[in-house]
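By letter and in written order, the chains are A, B, C and D; residue numbering begins at 1 in each of them.
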Amino acid sequence: MLEIGPLTFQSRLLLGTGKYPDFDSQKRAVEVSETEILTFAVRRMDIFEASQPNLLEKLDTTQFSLLPNTAGAKTAEEAVRIARLAKASGLCTMIKVEVIGDFQTLLPDPFETMKACEMLLEEGFIVLPYISDDVILAKRLQELGVHAVMPGASPIGSGMGIVNPLNLSLIIEQAQVPVIVDAGIGGPADAALAMEMGADGVLLNTAVSAAEDPVKMAEAMKLAVHAGRLGFEAGRIPKKRYASASSPSEGMSTVE
Amino acid sequence: MLEIGPLTFQSRLLLGTGKYPDFDSQKRAVEVSETEILTFAVRRMDIFEASQPNLLEKLDTTQFSLLPNTAGAKTAEEAVRIARLAKASGLCTMIKVEVIGDFQTLLPDPFETMKACEMLLEEGFIVLPYISDDVILAKRLQELGVHAVMPGASPIGSGMGIVNPLNLSLIIEQAQVPVIVDAGIGGPADAALAMEMGADGVLLNTAVSAAEDPVKMAEAMKLAVHAGRLGFEAGRIPKKRYASASSPSEGMSTVE
Amino acid sequence: MLEIGPLTFQSRLLLGTGKYPDFDSQKRAVEVSETEILTFAVRRMDIFEASQPNLLEKLDTTQFSLLPNTAGAKTAEEAVRIARLAKASGLCTMIKVEVIGDFQTLLPDPFETMKACEMLLEEGFIVLPYISDDVILAKRLQELGVHAVMPGASPIGSGMGIVNPLNLSLIIEQAQVPVIVDAGIGGPADAALAMEMGADGVLLNTAVSAAEDPVKMAEAMKLAVHAGRLGFEAGRIPKKRYASASSPSEGMSTVE
Amino acid sequence: MLEIGPLTFQSRLLLGTGKYPDFDSQKRAVEVSETEILTFAVRRMDIFEASQPNLLEKLDTTQFSLLPNTAGAKTAEEAVRIARLAKASGLCTMIKVEVIGDFQTLLPDPFETMKACEMLLEEGFIVLPYISDDVILAKRLQELGVHAVMPGASPIGSGMGIVNPLNLSLIIEQAQVPVIVDAGIGGPADAALAMEMGADGVLLNTAVSAAEDPVKMAEAMKLAVHAGRLGFEAGRIPKKRYASASSPSEGMSTVE
């Protein structure tokens, strides 16, 4: 069970809602994924005046916890403003803090992210910052009181998977709150690896929405997260350069 | 559907039967895995006189296809003798050819493996050789007529996963018969990766039998293989160093 | 030529002075390395009263630029105090800012490092911060005015080499000041890789001082840094999965 | 000192002669590299009738040991014919056996390579086979009597470096003759890594000849091979996830 602040979830897969080819595949991908947490970007213009059909109209939002994100923010102040808008809608108490430090790589700014988290915690939000895999940054944010940390596996939309397993494992070892791997996941093996390493959840968007078949990929990711989690709980074998035979000459099972 | 020679299978997970802590966990792991193909080492002494309880007594072998292997063979001749014993038992037509070239690493011998396959094909076996990830070796064996190739991800029991994704992908691209990744899988992410890359199946033993909780790991592997296969079919996104935001500022879904 | 603020150096190898088996091997390693910049930890008690023989007595310090570091500091204030002590000695104007965020991994604290840099820049130091490979952190420090950035390849003393080549390459691409890879280098190939990727320098300590033969390793590192730099300048071939023959059948050189 | 059969060499860098932009850069790259062994493809038509200027006319071939290769051969018989042509020229006793199994990837055929080696050893050649990194293949060839084994780091001309360090290290550990890493080297760091791992030599072609500046890259490779070898001899530090500070608070050198 994934526990974020006072909230609990059965599913460990968080799904983004951007960049699907069409609303129907978006809707079906969300359903098939069995996600309980949907993330999406908040924009001022739409939040109070819905001029066009969108996902959240089509989905029964009471089925999901909504995790609005502050995508587009370059400063803590912008992020806080976006978060307040989201809260004013009455649909959510969680916020994914995303303050971008560079619009080429979309990598997050550690300083503005920290500042935004501090302000949002004071205002009573459940705060989940998207961060780099800097181990001390993850530690400091937890000392501040965030409810989860969301280190990127690699840059947003890159599909490169976990480029630094060492840092991710150090973050997981030191974590006092859930670690949700966010950004960079490309395929099911990446999601399974994050979970097998002990992450508490995985947040995906492009890997599903930009796959050739988003609905099938959503199912793949659901299974991969589950597989990785079970693998973590089951206690995998250690790595060695070589080992003894798995079909040893003594004591083996044989055909009768 | 996995097709090996004239046989077809729903499951793409092949499971070994060696090195479980006890028969009960072996039995339950096999069941939970939903595997349809069980592999095991044949030994002369036991094959006609069962002196002790073993897996195949406890399982309803009519539920499974049996894939005896020639573990312990150092030469083609030894492998062929073991294969004939297995066939004489009347339980199987498939044989996993495993001729070890070095008892430290348990890596396979390309020359003796090739020779054994040639002889066994002539005798009408369904032949699945365990091989290194040498791309041309895989090609030559297919030209000979083997029914599947089983490249190792890494040495038997090492748990190192796929150490050379390049070679595995080249083998898969050139394959005319199923490619079943055999040996070296450590955790669910490894199994998912093999499948996501386009392998047709995965054969596991130690990763499950030597896990802290073999039954739970068996379930993890079942899901991982399924997840990886779906991911392959769904067409994953390409890798790039960085990409555009998954929450773009235009056209995104918003909170109402 | 390596330019750090107003200083210029022929050598791109910076060498630490800690943990050598004895003073003689330290002295000879330093000489063989042909380094022009020596780094060392400052401690209050020793800086004005030398109670025991040490490296800097044995070396002609006029031959080297000294780069004292603030190792042991946990806060910006401590780092600044240590830096002032170093400056008071009259031997140096450069300071390596090292503020540790966790004494298990010895990974640097981005917040205290930033604060220390800001204070030291105001006091006129030439400031070289040791940092994680967080791309935006490197960018923000450069905007602040630091004279070089020193991302770790992996944790101090780990010998794991460059665990995240992607982040290092992004830092190098965006850099306005020298990028000196610091910490985690294990062998010559790591140093060569950092330089081949376009780093401006490499700072080493344990890889040399704790090698079985520190003097020989110092020479290896000198050559590796040079090799990597030349390789960077020479423009290496791109990576592809396979290519055409290097001994093509047309136009090749032949034996007469 | 590199010993191949009865021959001894100071340099551990073997250089190919194909695909240079012009003869002058080829000549200078060869000189700068300080190689003592040049490899080149033999072609029947040219070997006795030189219709055009080529490298070997321009170089003082008494300075080098020539290592003709059998590039273009698809079978053992073709390779043997090419080798005999080379020998008939009177310029060389060594032969690099290169029998390609697939003209897309240019990966070597283990069976034809083995057969060619057997025939050439009987004819008294000094035999150096280019092979995959199959550990048992390398072992069998040594049992046959080859004078060195030349595993590819990755496909010819790919520049991907050492894609399977595990296999290469296993080959090196078991080797009774020199291990010369051949094919796939992209930059100096790859060459340094091969040597640091304990390889006895490195054979390069495209990495130098197709670099933007072949002469500078030749120098880089010379230094990288030297650096890697020294690093191997110097005994590098082990890898660990993290370690103690290299600037410990006790016993450190300090500023006076």
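FYI, a residue touches a chain if its C-beta (ideal position, glycine included) is under 8 Å from a C-beta of that chain, and two chains touch if they have at least 3 such contacts.
Labels paired with UniProt names: A, B, C, D = Thiazole synthase.
These numbers come from a predicted model, not from an experiment.
Colleague: Among the chains, which is located farthest from chain A (Thiazole synthase) on the basis of C-alpha centroids?
Modeller: D
Colleague: Where does the C-D interface recur among A-B, A-C or B-D, taking recurrence as more than half of the contact pairs being identical by residue number?
Modeller: Selected from A-B, A-C or B-D as the counterpart of C-D: A-B.
Colleague: So the centre of each chain is just the mean of its C-alpha atoms; given that, what is the distance between chain A (Thiazole synthase) and chain B (Thiazole synthase) in Å?
Modeller: Result: the chain centres lie 32 Å from each other.
Colleague: Taking each chain's centre as its mean C-alpha position, how far apart are chain B (Thiazole synthase) and chain D (Thiazole synthase) in Å?
Modeller: Centre-to-centre distance between chain B (Thiazole synthase) and chain D (Thiazole synthase): 34 Å.
Colleague: Let me have the rounded angstrom distance from the C-alpha centre of chain B (Thiazole synthase) over to the C-alpha centre of chain C (Thiazole synthase), please.
Modeller: Once rounded, the distance between the two centres reads 46 Å.
Colleague: Name the residues of chain C (Thiazole synthase) that each touch 2 or more other chains.
Modeller: Residue numbers touching two or more other chains: 105, 107, 155, 160, 166, 170, 241-242.
Colleague: Which of the residues in chain D (Thiazole synthase) end up touching chain B (Thiazole synthase) in this complex?
Modeller: Against chain B (Thiazole synthase), the touching part of chain D (Thiazole synthase) is residues 101-102, 105, 107-111, 114, 132, 134-137, 139-140, 154-155, 160, 163-164, 166-167, 170, 174.
Colleague: Where on chain C (Thiazole synthase) does chain D (Thiazole synthase) make contact in their complex?
Modeller: So the residues of chain C (Thiazole synthase) touching chain D (Thiazole synthase) come out as 16-19, 26, 40-43, 46-47, 50, 54-57, 66, 68-69, 71-72, 86, 89, 91-92, 98, 100, 104-107, 155-161, 183, 186-193, 196, 205-207, 209-214, 216-217, 219-224, 226-231, 233-249, 252-256.
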